[in-house]
Every structure is written in structure tokens, then in C-alpha cells.
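Below: one structure, written as C-alpha cells.
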Amino acid sequence: MADALEKRSVSITRLSGNVPQIHTTASTVKGTTPSLVEDGRRRFIAASELSKSFGGFQALGPVNIHIEEGEFVSILGPSGCGKSTLMLVVAGLLQPTKGHIEINGRVLKRSMTDVGIVFQDHLLLEFRTAFENVLLQQEIRGLDRNQIRKRAQELFGKLGLSGAESRYPRQLSGGMQQRVSIARALVHEPSVLLMDEPFGALDAISRTQIRHDLEALWMETRKSVLFITHSIEEAIGLSDRVLVMSNSPGRVVEEIRIDLPRPRPAYLGQYPEFAKYAQQIYKTFEKLGVYQFK
Amino acid sequence: MLATDVKSPTMSPQFHLSSPLARFMPPVLVVIGSLILWEFGSEWFELPKYLLPAPSEFMNRFVTDRGVLAYNFSATAYVVILGFAIATAIAIPLGLAIASYPSLNHNLFPLIVFFETIPKTITAPLFVVWLGFGLSPRIALTAVMTFFPILLNSIAGFSAINPRLNYITRSMGATPWQSFRFVRFPSAMPIIFAGMKMGMVYAVTGCVTAEFVGANEGLAALILQAADYMDVQLMFAAIFATAMLGMLLTGILLGVERWLMPWRRDL
Amino acid sequence: MDELASPRGLRLRAPRSLVTGLWLLVLVAVWAVAVRVLKISEFILPSPGSVLEWIATRPGYFLTATLSTLRLTLVGFGVGIAVAIPVGFALAKIRWLERALYPLIVFLQTMPLITIVPVLVIWLGYGLTTTSILVAFSVFFPVSVNTILGVRSIPHNLFFVTRTMGAGPIQTFQYIDWPMALPYLMSGFRISLAVAIVVAVVSEFIASNDGLGYVALRGVRNRDTVQIVAAVLIAAALGVIINSAAQYIEQMILKKYRE
Amino acid sequence: AEKMKVTLNWLPDNGSIGIIYADALGYYKDAGIDLDIEPGKGSGATSQLVAGGSTDVGLASASSAIGIASKGAPLKVIAPIYQVVDWGITSLKDTPITKPKDLEGKTIALAPGAADIPLFDTMLKLNGVDKSKVNIQMVSGAGGVPLLAEKQIDGISAAPGDVMIPLATKGIEAKQMFYKDWGAPLVGISLIARADKLEQNPELYKKFVDATLKGYSEVAKHPSAAVDALRERYPDAAPKEELMEELTKFDIPLFCTAGAPGIGAVPAATWTTTGEILTATFGSLGDGGIAAKHTESYLPAQLPACP
Amino acid sequence: MADALEKRSVSITRLSGNVPQIHTTASTVKGTTPSLVEDGRRRFIAASELSKSFGGFQALGPVNIHIEEGEFVSILGPSGCGKSTLMLVVAGLLQPTKGHIEINGRVLKRSMTDVGIVFQDHLLLEFRTAFENVLLQQEIRGLDRNQIRKRAQELFGKLGLSGAESRYPRQLSGGMQQRVSIARALVHEPSVLLMDEPFGALDAISRTQIRHDLEALWMETRKSVLFITHSIEEAIGLSDRVLVMSNSPGRVVEEIRIDLPRPRPAYLGQYPEFAKYAQQIYKTFEKLGVYQFK
């Protein structure tokens, strides 16, 4: 608990240290998202009574969720429960059937733009090299070319992508593609990060590595993150708060605050808290019928 | 020139058309609309009937001249189907042979591509010189024109198969014939069919060309005959019938494809 | 493990053009011998020698005809794609338009073009207008259908990427639609260029007074088999050259997409 | 000079030689006409082009022109060039066809797209031959020759020049049975034009017809020079010897029939039979019958004399 | 340890109980694999000094591995180390560059046929429905149609595929495709099962479920299994023995015998042995440079 408190205070310090920088970026970013930095108030994303149907099919909700500034929130839920749908609705890319999103107190009407998104299926452009895919942010947003190039280079280094800059997506393994997609989501230093199973394409061994790398990266910048995953270990390993969703149509059925020190190690089993959190989630899933053990 | 170049569209919910009615209504409406425009357009724009008859006029000929049209329609259809069948019967096994022996493929493929690019339509007069009149030059030209797209696609189809699929059959102890029957042939079928669909258009074109050059029956012969008698309506009726023949045969082929390849139905 | 799947090993032997050349030489030799041994009359099948001689004695005549065919091919091709691409994009993007017209386009594609020639000639006379319309028509179908398939093949979610970057319609077209559809367009171009040259020659044969098709028609009128064969051979050579060029250009442009 | 476009009946050859020779001699230029000569693809197509208005004047067989005129096209024959067609059935000398009755049971090639189908039909009808007993093959002119030479067919319906000469070059002797000799004289290749264009600019057409007729008259006088002129302008035309033989043997004699007032005008009787044959062929010739389909108003006062 | 011993004896009992059935199947199966059931001796698969190169590139080995009858062996290794290659060589589908495979003492010359294989890329035939893909075993091997149909139906039920019988592979999710591929490998009741990351296409939550189902299935029949995976949890959760492979060209660098009672639960963290095994593997990977934690 002491650890958690210390972390929170670090996060806040960090944030205020970051404010001018975010400001600079935000001012050059085109788009309609209300700036998240405003008169020192507590800033956040909040979704109220959100639900989404496709045709007659209820894919999501209703759910209420919020993300505090600089908070790392994970969503954990069985396949098909509406996690991706939730993320797309939060990003303003899909219109909710009911409910609305508020960003910093203002209702979101169009798609968010002060945001970086890692889509579940990477969504890289096959005809651009890895590096050009990341630079797309600069071209479309009309940002400063040199600054973004430098930042992209940095990210490639941190994400273990050095040397892969001029390769095309198809020349990269699934895991590398996903890393490029992560770099693209980060390069313009958005205030919000939405990640939909960003490690889905990786094998278990590489996942552990990249989880570690992402945590390190996040600890540097402390964005507000919505992280979608299937992996209990990953959710616990990365988050400040884990939201567990039920089977389709997904609702938030449990909220778990994770109080573990950062950075967290590859093998979390050594923490008794980890075992406790994991057991709790397994139990919930069993109760929900996600697992059926004979 | 492989029909396989046209990749099948990826499935996305946006292209699920609701009902057959919703699917066929719009194009049918467009067809009816354009026919109406044509019908009355010739009045509004004072297009002379002796050059461009209104649809009602030449459609009428399908009733009054149905005997002639049916006779020539079936004559053309006969040649097209026969030529197409001959070409298919030769092209698919040959394609299999070429695809199966890399050295054969290496040697023959460029040559086949070369022959494929020869404009075969203008060789029609030569065929008449070589084969005399009657059915043979028409069938020959039809078959030759149909042959290459089917051959190229058969080669592509039989080559494209994922060699790892053989692991399945091998681990089941399959004989070579079983591997062919259960894996290789069905895998190649969609690509071969794409070639056959293209070949069918060529077959009709080939037959029509041959008929233009020398034939005493068939829709193109009828077109020329009608032109001689300055019977523009009959000419249009014959043209229309030719187009219908092409569409009909392609439609049949599509039907066969659907029937043979149920796994591609919703593509 | 993909390496096993690729038949790349085949390609690294003698260059294909060489193989083709050799085969053609063999064929020509067989042809020459057959004409001689079987005593086939010039009328039925002239010897390769006399065809070559025919061409060699009239270089200017054939060059003019070839250039004229080439011009027709390119004009028709240009017009065809200039119409087909916008139509393709419009159809792919506007759903009701696609619903109404796409089945028709697919069906019209199966119509033998040659049947509408008499009508076109009556309306437009002989010459480049008529023939290039014919060529353009033959180009239109494969290119527009491929454009539609290309745009359709774009995963819908890809547009999310640019939307979150705040891209407008033009940027979306520039960064997503166009480059994503490009490989389909290119294969449409290649297919249709091969068709275009064939249609060009044929439409010259029936609706023009220039080009290789006209030369062949002259041969037919003059009962001169040598001339017909000469025209057919030159057209074939032209076809092969254009095809190879198209393939080369496609490979260059699509380098990014394949490799 | 006024612009004018003429569409020939086929690719430039003996049929259109008068126009080409007149142009070479500068007759059109002298008459103030800037003439554009366009090769055609058969009389039927040329007639349709003239009817459609995309060309000013055409060279086409009268039967094609009258056929389309009978369907309502405002076409008029303004000057017959070949006053009668000498088409007929060509057969090999050892298996000759000398009278229509001989056709029964034989295989005859007819060229699709040519104007002799109605003639053939009329001849059969007038001479009481049952068409169903004749085995008819549609084969283009060029295709028929080797077939005849190899005896795959017994006869070809064509202009003799198209068949006799290539046969002769192969050393094969042939026989000809002319339609005109079996009750079917028919006005042949003629100048045709649209009525409205004629009315708009009669002087131009008169000058054109005058120059053209003079051209054909010169062809009759100097065939060798005319063929040279043709071949100089169209080097891909048939060899000179072939053209010369065809021209002198078969074509020039047709410039005039017996009793014609000169080149460019046929005796009224020939128009009458032509009208009858074509009425039988087309069912009806439409408003005004045959008389409305031709006019002599655009002929020069002085016709060139018959050769 | 007591648990493990008990399990082993159960396995042997089970096996002898199974012998006649395997015999029946084997006798109807065409193919050249020497029957695994022979004069009561200990039967097994053994690969000696196996290595494989593609062109000049050494993809695997040399490795020595063996599988005892009725044993569940997992192979764990980083991506690209040659696991799939090893499996294909063991199955006789690829010729080893060096070394050889013995089955029950006889050298394997052609491909094994008394075997069920789950390929990493499923390798379903797109032109057959899910059910027809499974029935391919019957058609090619010429087995009894009704019997195999019944068994296939059963497997579809157990694998959660009921209702998907007449769908084509394209109409199934990646996870369902993999399950069909598993059904195909099991339907003819082979003595040996080779599985190459059979759960690779599944999300973490479904993986836990299917791991449980596979274990139950295996406990019924006790085939000899070679199971390839990236997941430490899965390897420990399923195996009698885990072989850890090094980076490319892969060699076996560690062998861990797993002594946990079966059936094993979804969350293994409760066993202190599990933590021990996992730690050991993580350490090995760290030593091999598979993980690089800053």
C-alpha cells in the first residue's frame, strides 16, 4: 500500500513536469478533442451508461468506466464480450447506441484525435515501411518532421525495432508489427493511449519481454492508458486498476485496484498479492461461466 | 494474364446483402430504366430508326423471327460449347502436367504466354483457309481462343497449392491419387474456374469472329445477312441474342461453380 | 517454413526470354521444314522466309502500321482507365450506386464486344474514335472491376487509423484508398493492356483504315496469305513487348507491396 | 475549296479506281473540291455510313443503298458506275455450272456481307430452282478460292475478278455464269448520297459527279496509267498484273450497258428490272418505289462517252 | 512424488486396458509405421543426434529426444528455434539432415501414419466443412465410416464445436479452426499425437479452458504426446516432462520432470512446485538471452 501511494505521487509529479511538453504537442495537433490540460482540475475520460448494438445484436454494455489522468486501466474479459467495441466507442470511432463519452467534462462528438491507438489487428499500411508507418502521424497531422523523426527513432530503439525501420510490415513478424503499431500510437505524444490486445500476436515468451518494455516506457511518460487484454498476468502486471468484464454483452462486473510496486518483474508469482488478485479473477470467471471445469 | 490476379474481396459485414430481392432489384431497375430511355430516346433525339431501332421494335423480332433466331442461336451455342469443351478437356490435364513438372513449366510457360498474347481473332481467315468451311474452323478458333486462359489458370491453380497441405495426406498414408483427389484438385478448382469464366467470354468472341469470316449459320452470320438486307431490327435482335448467349453461358458456368464449390458461395 | 512453399527455385535458371527465344526458333525451324517437305502452297501457309522477306521489303509500311496500332492501344487504354478508375472508386464508395450498377458491369463484361462494332461504325465512322472506344470498352471492365475489388478489399478498420489522426476525405483517399487499391489497379492494368492490344488489332480489322489489323484485312482482300501471317506475327511480337513492359512497370511500382 | 468526304465500297481497288485516278489527275481540285477518300468495309456498311451522315458521298452497290433507303433512309443513287453487276457463279472448268438448274445439289459459297445474296436468290427464283436443293456456304471471297481449287465446293458467287484471277494464277481454269445473263441485271456500284445533303448543296454534288465520271472515263482510256496511280497511292493494293487483267477484262466493260447514254446513266429498263428484283428481295421498296431511290439530277449535261 | 508415481501406474494400467482398441485401429490403418504395440516391451519414439538444415542454414539441433509410451512431453522454446521443424522431422514429413528417428526400435523411413498431427497453421482444407475435414481421416485411411462419424461427433462436442460441423474453415474463428484441427488429429485414435502450438490462435482465457479439456481428453486415452508451446504455464500444466530449447539452432538445454497431480487446475500458482518450475525456466531463458530485462 505504501508502494502504491508513493507511485501515485511520483505519477503526479511527473505529470506536472510534463505539462508544457504535452501542451506544445497538443497545440500543433489538428482535431476537435478538447485539450486535456485545463486550469489544473482533475482531468479524465468518463463513459456513462455506454452500450452498443450492431443491428439488433447487443455487443456491449451498458457500462460505466472512467480513466483518471495518468492512470493505467486494464480491461479483462472473455473473447467476444465487447472489449474492442468498447475501445472503439471510447475513441469516438463508433457511435454508441446509448450513453456518451465525456473527455475532461466535455461530451465527445467526433473521433478523438489527441490519442494514440493500438488496434487489435495492428492495422499497418502494407505499402509503407515500418518507419513510414509511424511517420504517417506526422504527415497527416502536419507536425514538425524532424522532431517526430527523432522521437520515432528513439521509440524504435526502446521497442527493440532498431534495424527494422525500412522493412515493410509483411517482412516483420507478427510481434514486430505490433511493436510498430505501438510506436505509431506513441510517436506524437498523445495524452491518451488506447491499446487493444497489443501483445495478442506475440508468443508467450516475447509477451513477457514486451510487457516489461511497455511498463518502462509508460513509467517515463505516464499517459492515461486503456489497455485491453485476455491475459490475467498481463493485466495484473501492468495496471493500476483492472476492470473485469462479463460474457457478451459485456458489463463491468469487477474492479480491482492493483497495489504492486513498479517496475514489476517477469515472474509475478513471487508476490503473494499477485496470487490473490489472480485467484479473485479466476473465481469471477468461473462464476460467470467463462470457465467450465469438469 | 491470370484471372487470379483479381483477389477475392475480404469479407466485411458491409457487403452482406440482405435478401435476393434487395440484391436483384436495383440492377433490374437500372436495366428497365435504360431500356425506357432508349425506347423513347430515339423519339426525343430523333435518332433514325433505320440506324438505331427502338427496343420494342427489335424485341418484337424475337417473336416474329423466333425460328431464325433460335436456329442461329443454337448453331452458335453449339460451336461455343463444343469449342469450349474441347479446349477445357485439353487445357486442364495439360495444365496439370505442366504444373507437375518444374522443367516443363520452366520451358513451356513463357512460350504459352507468348501464344496467349497473339491476337487470335485476326487469324480467323487463316483458319478458314486451313480448315475449309463448315464447323471445323469455327470450332477450332473457338477452342484456340478459349484454350489459353484455361491453360494458364490451370497451371497457376495446380501450382498454387500450399505444399504443406501434402503433410496432411502423407501423415494419413494417402496414395498419390488420393492426394490429388482430396487436396490438389479441389484446391486448384477456384482458379481453374476463374480461367474458364474468362475463357467463356473468349469462346463466344471466337465463334462470332469465325462466323463473321465464314459461316452460313450462327448469330454473327445472321447479323451479316441482316445487314445485307438492311434489316437493322433483325441485326439488333441478333446482336442482343449474342450478348444473351454470352451471359447465359457465363451464368451457367457460375451456377456450376456455385454447385461445385459450396465453400465459396458467400464470397 | 514459407520458403518451402515458394517455387522460387524454378526462376533462378536460364532467363525466361532466352527459353522463349529458343523455343520460337525451334518452332520456326519446324514451320520452315514442314512447308518445304510437305510442299504446302504459299496460299495455305507461306514459309517463314517469304514472310520475313515480305516484311523486310516494306519496313516503312509495317512500321507505320505498328505505330498506329500502338497509338490506338495506348489511346484506348488511356481513355479506358481514365473512365474506369473514377467509376470504380465511385461505385466502391457509394453503396447504392454499386448495388445498382455492379452486377450490370459484371454481366456486361461477358458480352462479346465484337457484336457492337457495326453499330459503332454506323455512328462514328471508321477510324480512331470508333476503334479507341472499342479498346477503351475492353479496358474499362477489368480496370473498373479491379478498382472496386481493390477498394472493397480495404479492411474497414484501416480508416480508423487516419480518422484518429484527424484526416479529411482527401487525405484519406491519398493515404488509404489509393495506395490500398493500387495493386488491384495495377493487375487490372496488366490484364487489360493484354486485352487492349488484341482488341486494337481486331477493331482495326473491322473498323479502321490504319494499323496492323488493316494490314491483315488488306491481306485478306488481296488473297495474300503472306501478308496476313506477317501482320499476325508482328501483332504477336508487339503484344509480347507491351506485356513484358507492363509486367516490368508493374513490378517496379509494386516493389513496396511485394518482394 | 469545299471539303468533301467520300467513302469507298471497300479497300481501294478497281471498283474505286475512277475516284482515285480522278483525284490523281486533279479533277476534284480543279472543280474546287478538297476530297477526303476513305476506304470502306463493304457496300452495306458504306450505305449505312452515308445514311448516318458521317460521310458525304459513298460508293456502294445500288442494292445495298436501295435496301436501306427502302427502310426509310433518305438515300439516293446519284450515278451508277458499274451499270450492271457481272457477278455470277464461278466453277471449275471440268465441273462447270452453266445454267441455274446446274446448281441443284451443288455446294456454293456466298460471301457474307456482299450484295450478291439478293441477286442469287432472284436468279434462283426466276429460273425455278429450289433454293433448298442448293447447299449454300457462307464464306468470304478470299476463303472460297482455295476451297474451290481443292474442290471442297463447286462454285463461288462473286465478281469474276475476285475469283478468276487468283485461280488463273494457280493455273486453274474456271467458268463463269453471270446473273445478268439469267434475268437478273442489277445496277452495280454507284455513287450514293443523302437527299438532304444533296438539296443543301446541289452544285457541289454535280461537280463531284462530273469529276468522278471523267475519272472513270480516263480509266477506260488509260487503264495502265490508272492502275499505276492507284498503286502509287495505295502500295498495298493487289499486284499490277492482277489489277490490269481484272480491269480490262471484267470491269471496264461494265461502265456501260447496251443502250446507255454514257458513263453514269443506265437505261430506264435496267432500273425497272433492278426495282423488280429488289422489291422481290426486300418485300417492298417503301415510298415511291424504285423511282424515288435514284435521280439523274446531279449528272452533268454532257456524260462521258461509253468506252 | 507419490502423486507422480501413482499417476504413472494409472497410466500403465490404462494403457494395457487400451491395447486391444489401439490394435483394432492400427490394423485398419494403412501405412508403414511399425505398430507401436509389440510383445509387451517398453515402446517409445527416440530421435538421436537429429539435425536439420535448410540450404546452408542450420535450423535445428543436433538434439536427442525420446517419448515414452503414454507420456506427455512438451517442448518449450523461443520463436524460430526449430520446434516446428523438429516436429515435422519426428513425423517423418521432413528428412533430417543428420541423425534418425526410431519408433519402437525400428528406424523410421517414410512418414509416420499411426499418428495424429496438429499443425501450427491448422492446415485445414478450405473446401471441406469442419466435419468433412475431420472425416478426411476416414476417407483416406479407409476406416469404418459410421464409427468415425460417431467419434467425430463426440470430439466436436467435447471441443465445443457443436453447431460448427457444416461451416467452412473460412467461417470459423482462428480458435475454432485450431479445435477442428485437433479433432482431426484425434478422430482415428492414433497411438502418437504431435501438436504444434495447438492453442496458438486462442486468447489467454480460452487457452486455459482448452488446456483443461485437452488434459481431460488425454487422461482418458493416454496417448504418447509431443506438445510444442511457447507458454510456460501450458507446458507445466500439461506435461509429464518439459524440454526447454535454446535459441536457433535449437538444442535441448534442460529437461524438467513435472510432478504435479492431475487433473491440474486453471490457476497453477497455488502449487509451490509450479512456482519453482516456472522460476527455473525463466532463469534458463534469461541465461540464454531470450529475455533481456533492463
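Letters A, B, C, D and E mark the chains as written, and numbering starts fresh at 1 in each.
Operating definition for what follows: contacts are C-beta pairs under 8 Å (C-beta built on N, C-alpha and C of every residue); 3 or more make two chains touch, one makes a residue touch a chain.
These numbers were taken from a predicted model, which means no experiment stands behind them.
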Determine the shortest chain-contact distance, in steps, between chain A and chain C. 1
Of the other chains, whose C-alpha centre is the longest way from the centre of chain B? A
Pair joined by the larger number of C-beta contacts - B-C, C-D: B-C
At what distance in angstrom does the C-alpha mean of chain D lie from that of chain B? 39
Between chain D and chain E, centroid-to-centroid distance (C-alpha), Å: 87
Euclidean distance of C-alpha centroids - chain A vs chain E, Å: 35
Distance-wise, how many Å sit between the C-alpha centres of chain A and chain D, to the nearest whole number? 86
By the touch definition above, chain C meets two or more other chains at residues 1, 43-44, 118, 122-123, 155, 206, 220
Multi-chain contacts in chain D: which residues touch at least two other chains? 45, 48, 52, 140, 142, 146
Multi-chain contact sites of chain B, meaning residues that touch two or more partners: 51, 125, 129, 162, 164, 212, 227
Would you tell me which residues of chain C are touching chain A in their complex? 155, 157-158, 160-167, 171, 175-176, 179-180, 182, 256-257, 259
So in the complex, which bits of chain C are touching chain D? 41, 43-44, 58, 61, 118, 121-126, 206-207, 209, 215, 217-218, 220-224, 227
Which stretch or stretches of chain B touch chain C in the complex? 1, 5-7, 9-10, 12, 14-15, 17, 22-24, 26-27, 29-31, 51-52, 102, 105-111, 113-114, 116-123, 125-126, 129-130, 159, 162-164, 200-201, 204-205, 208-209, 212, 219-220, 223, 227, 235-236, 239, 242-243, 246-247, 250
Provide the residue numbers of chain A that touch chain C in the complex, in ascending order. 29-32, 88, 91, 93, 111-113, 115, 117, 119, 121, 123, 125-128, 136-137, 139-141, 168, 171
Listed in rising order, the residues of chain D that touch chain C in the complex are 7, 10-11, 13, 38-41, 45, 48-49, 52, 54-55, 140-142, 145-146, 166, 170, 235-238
